[in-house]
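Each remark here refers to the structure printed beneath this line.
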Amino acid sequence: MDTVSRVKSSRRRILGTLVGIAASATLAGCAQNAPQDTWEPKGPNAEMIHDLDNLVFPIAYVVGIIVLGLALYIFWKFKDRGQEIPVQGHGKPYMEITLTVVPALILSVVGVFTFRTIFDLAETQDTEIVINVTGQQWWWEYDYPVQPEHGINQPIVTSGQLVFPAGTKVLLRETSRDVIHSYWIPALNGKKDAVPGRVHLLRLEANEPGLYAGQCAEFCGLSHANMRMEAIALSKEDFAKWVANQQKAYVPPAAGTVEAEGEAVYIAQCARCHQVNGLKDAQGKPIISAPDEYVYSGAAPNLTALMTRNTFAGAMFDLVNEKCRADVWGAPSEKFGEAYLKGVTEDCLNQKDLRAWLRNAPEMKPMYAEPNLLGPSDGKYRGMPYLALTEDDIDKLVAYLLTLK
Amino acid sequence: MTTIDTHVGVSTHTTGSSFVASVGQWVTSSDHKKIGRLFIGLSLLYAIAVAVIGALIGFERINPDGAQFFDADAALQLTQLHRHALVFGLLAPLFIGLAIAVVPMQVGARAIALPRLAQLGFWGWALGTDLVLISFIANGGPGGGSSDMVDLYLLGLGLSLAGLLAGAVSVATTVLTSRAPGMGLMDVPAFSWSALMGSVASVLSLPVAIGTVAYLYVDHTYSQTAFGDNKVINTWLGWVYAQPQTFVLIVMALGVLAEIAPVTARTRQPLRPVLLAGIALITTATLGAVTQTAHVLDLSGTTGDKLSSTILFLFFNGLPLLGALVTVAVAMLSFKEGRPGVNASFAFALLGALMLLAGVAGSFVQHIGDAALVGTSFGEGVTAYVVYGGLLAALGGITYWAPKLWGVVLDDKKVLGLAGLGFIGVVLASLPLYVAGFADQPVDAVNDFDYSGPLGLWNVLAGAGSAVIALVVLAYVGLLFAAVRKGAGASDDPWDAHTLEWSIPSPAPADNFAALATVSSSEPLLDVKPSQEVPA
Amino acid sequence: MFTTGSKYFIGLTALSVVATVLYLFLVNPSDLGALALVGLITSAATLSGVSIFTRDSDTETVEQAVDASAGPASASFWPIVVALGAAMVLLGLATEPVVFVLGIAVLVGGGVEWMVQGWSDRASANAAYNSEVRAKVLGGIEYPGLSAVLTIIVAFLFSRIFLAVSKDAATIFFMLVAAVIFALGFVFAARTDLRKKALSVVLPVSIALLAIAGVVSALSGERKQLVDAAREDHFAIEHRECGEEASKYYDKHANNRVPLRKAVIATITVENNEVSAKMIGLDRKVDTITIPRMNSTTVLFRNLDDSERRLVVNLGSAKVGDTDVVEPLGTCTQLTGKGQEQVLTLTIPKPATAEEPFSFTVPGANGEIKLVVP
Amino acid sequence: MTLALPSAPAPAPRRQLVVATALVVSAAVMLIAGMLGMWMRFRAGAPVRTSADGLEQIKDWLPASIKIPEVAANTMAATFPFAALMAQWAVYASKNRDGQHRSLALIITGVLGVAIVNAQLAVYAQMGVGISDGAYQSMFYAITGTMLLLVSGGIVFSAVAFFRSVGGRNDDSHVITAHALYWYFLTAAFTAVWFFVYVQK
């Protein structure tokens, strides 16, 4: 009696678990705010993949159901009831041929479409704009090669948010400075690895202006989960504005202001690694950062026009507070460019996270398991180090950073 | 003539082997007779070279201002090379080789103990000596100009010493462990006994030299602070080439005489235990050489000083002389008991032993402080007596055992003639240096001394003596070659001898004894040859 | 109780004690002789002990002579090998380290062989079985090891020949060698009856010929061109001659094939004396190449003209060390012939300044490609 | 007339290896004794000079900058008896015809030998003495290097004995005895070196 009830209860438990998994899987499909949903393509490349999915998945469902059903049937039909072991034969040619030919046919059908899609996705002949994408622990750098037809007359370097014109065929040239990363904006295309020493190409195109979220898709170290990216598609006009803004000359803060003091702090503390184009030292010589001397990957985000971005620290944190963020994310497509190009104003700034970051970056983002052990990285940092800034310095720095628009 | 035949028809000769195969056989053979012959052959080659160098040095000294064969630096190196080749190219390997070749047969063993160690010993010595030669040729050796080659000299010396040690260990182990059933150590033939003594003495004294070489090498290569530069190497290593250390190697020469004398006299050795004790005495006393100090009799100072100097002098220099005298005297006692007679091997052995006595006595005199002979060429004379005396005795031994080693009996008259010539050569090569020593001719110097007057004559004679020795060895080797080529088959026991090796065929088969004898006396063959028994 | 041998060694011990005492009192207790004599006491006592322990190894009867299977040891190659190894080690100590290392190898190899042979010689009473177990233990190492050594020697000798003769002669030489090998192989295949005898002639002869040719080549030295190239330091990894041709032989042996297609971010081509560039993924010519800062980036150079060309990248200038000497920075490819390609891999830590922009140029051809590093 | 001697079968190699090892050991004792003697002669003969301030007499032997790592040296000295003990265990096991323990004992001896070599190398590393720095230094390396070679010989001996042991030579107890003799020698020799070089310095 006791035994039976225990068996029953364990069965019930298994059943309960299965039902739970199925229910959560089903319910997950109903998520409303799912920016990285692969089933909602927002550009031609993702649509190609989606179209292929629409063909392949039904076939796969049918095959899967048949196979699963047959397997269950056989489990049930031939389970051990104490019957004799059937005669053990060796081979049934007709069945074997059938079981080989049918999957082969199915696979060929699937294969034809798959290969077509793969080749279509690899097309680069009609590229309209090229952007270099370089991964490192744990952020993405975007640099825009000189392309006068897009108004880019000097290179633009940014990070965290990839800004590009909507309705334009964008070609990303991916590479990496340290380990293998993978670039993935699900709404715009599949994923593509960024491998040190190699250049991989990935096409992006957005149908509408908007914000498309993504996530590094190759485990790349401690903060892999925090290595995010956002692709910002702007209308062509808005993009031209953005380009113009990125290239405008640096305006130093007026002498005697708190911003000017912030600039001094920046030069003393930050300019070693972070480049701000046009920044000059007391002698009037351009200050060129040297992250290769301090950081393992040899690079740190370029902070020119920082306040035109909505995120920082590898898109892990928002640079704007929640209200302003909702304004951008929630803006309809036609108003999106306007909302985005507003940038970060003083009242929109996410003071809390930015200050915490300046106070002690490694505490905000896991960078190395044991900060004291920098040995394996040749004594260089992975990510931003703890700088021991005073609150006073932080105040000045924030004021200065707000001028970088 | 009685033939004792254990197993006829076993031959050491392989048939139809090509040149390569025969070289391969010599290189890989663990047959002690082959290894011994390799040692003997190579050291005889060195004997010729050494005598030639000796002649060159002698003639160089005649006229230091006139024609020179070589400059001062080269002269220093040449005298060092001469010394080295005398002791470790000629004397030591010659007797180790003779012992390796003969001892296992004498003690009734089918093989030498640890044959591969003996093999290793030969190749180690040969290659080490090659390295030494290379170093001298490339301006190395003590006083050499090339630092690397001085290192190489030290390393090669170490290797050749280690090789000789390996051979000595093999010989001593054979005598100690491979004797025929019934043969106690007291029954061991005189030569084998001397081989045991000489080998043990080498085993106990040469490592001290190797240790010094290790120090010298490290110091010379890396800092040259502790032991000084190239030229003073021999301050530290000189004792290895000097008396009494070289006496360690002549014990076997006296053993050759002790072996041949009773056979020639056709009698059992009288006072045999005393003979063995004499041989033991000279080796044991010689081991004092490991103190690396010359114990000079100094009769100045207080009575206590005089006493201690005398005790040390007698202990370290007197005992070897006593041992040598006892050995030779007891060996010669055979002729009192037996019939007098002379043959070539005995002549060589006797003359050699006499030369050795002259050398040992000379060494005794040299260490008397008042004679003021230390540092003069008197010491060179002692070395010449010792080494060339050893050479003569060894040639006696080779003549004696030639039937077993090559299957030939050498022409007695011709060899006798060579023995006489050799005697003249040795006396010429050595005695004038004694005289020159009294005239304060410095040791090892060639150029920086006035050799005019009677000294010129002494050095002419010494050079000529060396040349004669070179000729004698050359002629002897020629005789041996000719005899081997002719293949004059020797009978199994041509000398009507006493010991086990004469019970097997000539030349000895590869594994010596097909079946082993149980022996019960020190002259086992005499026991089974009633017709030859000499009444005691 | 005391055997002859032990009596002798005990006497030796006693005499050493006497000598030591004399020495300690009459000479100098801290002299080296004293310690050597103490050593002598120790050694003699050891030997006495062993003599007593083994009772002089006396045996009176055959029965006492136990485990009497010791025939003469078989012939052995290894003592001479070990001695040779030792001599090589010492020679190497005094001269070339490589000889020392080889000597160690010979010593270890010979020692292991000796050890196994020593064991297998007495593994059983049956000689055939013994050689079989020896082969079982070592055969698996010996043959591959020996062939590896042989291969190295043959390769080394061939390399000496290659380096000594001119390129053309080497080609002809090895064509002939190949032809001869082919012909001999054919003969061996066809005439099975000849094989063994012929092989035993042909193999030693060819090895001897190879050895002679190799040694002669090694002694005659490398061909002049290579010697000159070495003198001009062409084999140094940092050697780049980007300006006028100063040296005669540099670049003659450039490897003009490029396996790094996937790493190439841009291709610079010279055609009809004009320099042009294309960037990956963009199907048109560009006059500016932008490459990420501090990232290993590869640029491909392709020469379509008849004359040999090289791609030069100009990266401004910098002071040399702590001195005031200013030297131009930059590097270049080796000379590239018609239709051939070379790559330049650059990692640029700092962007250009306004005074000293970066660029790619090809000496002898018109035009330049701007290099932008953000 | 042919006379035949009373014949006997092939001769017995009566503890050949033990006797030969005893001879080798004697030679090695002389080697070490000679080297220690030379060491003492140099130590005794090292010049004494007055220090710069005139207050101390300095003996120019062991340079003041050199600290002998005594822990490692003492550890070595303590390891030798254990190695010898293991070698004796092999003899014991061999007498009991216990092949497994014999092999085990031999391999432990060899491993202890390797540990000793390692310790000696550690001593070199810790001292950080340049071999070419002076008289003491080169002599130190010469004598400890020679000892190192002798220990290497012991390891080779252990390897050979082990190989024969696992090779099934069960009745070959001479090798094991000789092996033990050699390790006793090493223990004694190192004790002397340890005393003169590491303790007395």
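The chains carry the letters A, B, C and D, assigned in the order they are written, with residues numbered from 1 in each.
The rule is simple: a residue touches a chain if its C-beta (ideal position, glycine included) is under 8 Å from a C-beta of that chain, and two chains touch if they have at least 3 such contacts.
The shown structure was predicted, so the numbers you read here are calculated from the model rather than taken from an experiment.
Asker: Would you mind telling me which chain pair, B-D or C-D, is linked by more contacting C-beta pairs?
Answerer: If we tally the contacting C-beta pairs, B-D comes out ahead.
Asker: Need the CA-centroid distance for the pair chain B / chain D, whole Å please.
Answerer: 32
Asker: So what's the Cα centroid distance for chain A and chain D, whole Å?
Answerer: Inter-chain centre distance comes to 67 Å.
Asker: Taking each chain's centre as the mean of its CA atoms, how far is chain C from chain D in angstrom?
Answerer: Distance between chain centres, rounded to whole Å: 34 Å.
Asker: Distance between chain B and chain C based on Cα centroids, please, to the nearest Å.
Answerer: Measuring from centre to centre gives 45 Å for this pair.
Asker: Considering chain C alone, which of its residues make contact with at least two other chains?
Answerer: 31-34, 36, 39-40, 43-44, 47, 54, 57, 59, 62, 64-65, 70-71, 118
Asker: Counting only residues that touch at least two other chains, what does the list for chain B look like?
Answerer: In chain B, the residues touching two or more other chains are 110, 117, 176-179, 181, 200, 204, 208, 290, 518.
Asker: Enumerate the residues of chain A that touch no fewer than two other chains.
Answerer: none
Asker: Determine the shape of the graph in which chains are vertices and touching pairs are edges (line, ring, star, complete, other).
Answerer: other
Asker: Give every residue of chain D touching chain B within the complex, in rising order.
Answerer: Within the complex, chain D contacts chain B at residues 1-11, 13-17, 19-20, 23-24, 26-28, 30-35, 37-38, 42, 131-139, 141-143, 145-146.
Asker: Which of the residues in chain A end up touching chain C in this complex?
Answerer: Per the touch definition, chain A meets chain C at residues 124-125, 127, 130, 132, 134, 141, 143-146, 154-157, 171, 173, 175, 177, 196-201, 286, 288, 290-292, 297-299, 302.
Asker: For the complex, which residues does chain C have touching chain A?
Answerer: Counting only chain C, the residues touching chain A are 262-265, 279-283, 288-298, 349-351, 353, 370, 372-374.
Asker: Which chain B residues qualify as touching chain C in the complex?
Answerer: Its residues touching chain C are 25, 27-31, 110-111, 115-117, 119-120, 123-124, 126-128, 130-131, 135, 148-149, 151-152, 155-156, 158-159, 162-163, 176-179, 181-182, 184-186, 200, 204, 208, 221, 280, 284-285, 287-288, 290-293, 308, 311-312, 315-316, 510-511, 518.
Asker: For the complex, which residues does chain D have touching chain C?
Answerer: Touching chain C from chain D are residues 8-15, 18-19, 22-23, 25-27, 29-30, 32-34, 36-38, 40-41, 44, 156, 159-160, 163-164, 167-169, 171-172, 181, 185, 188.
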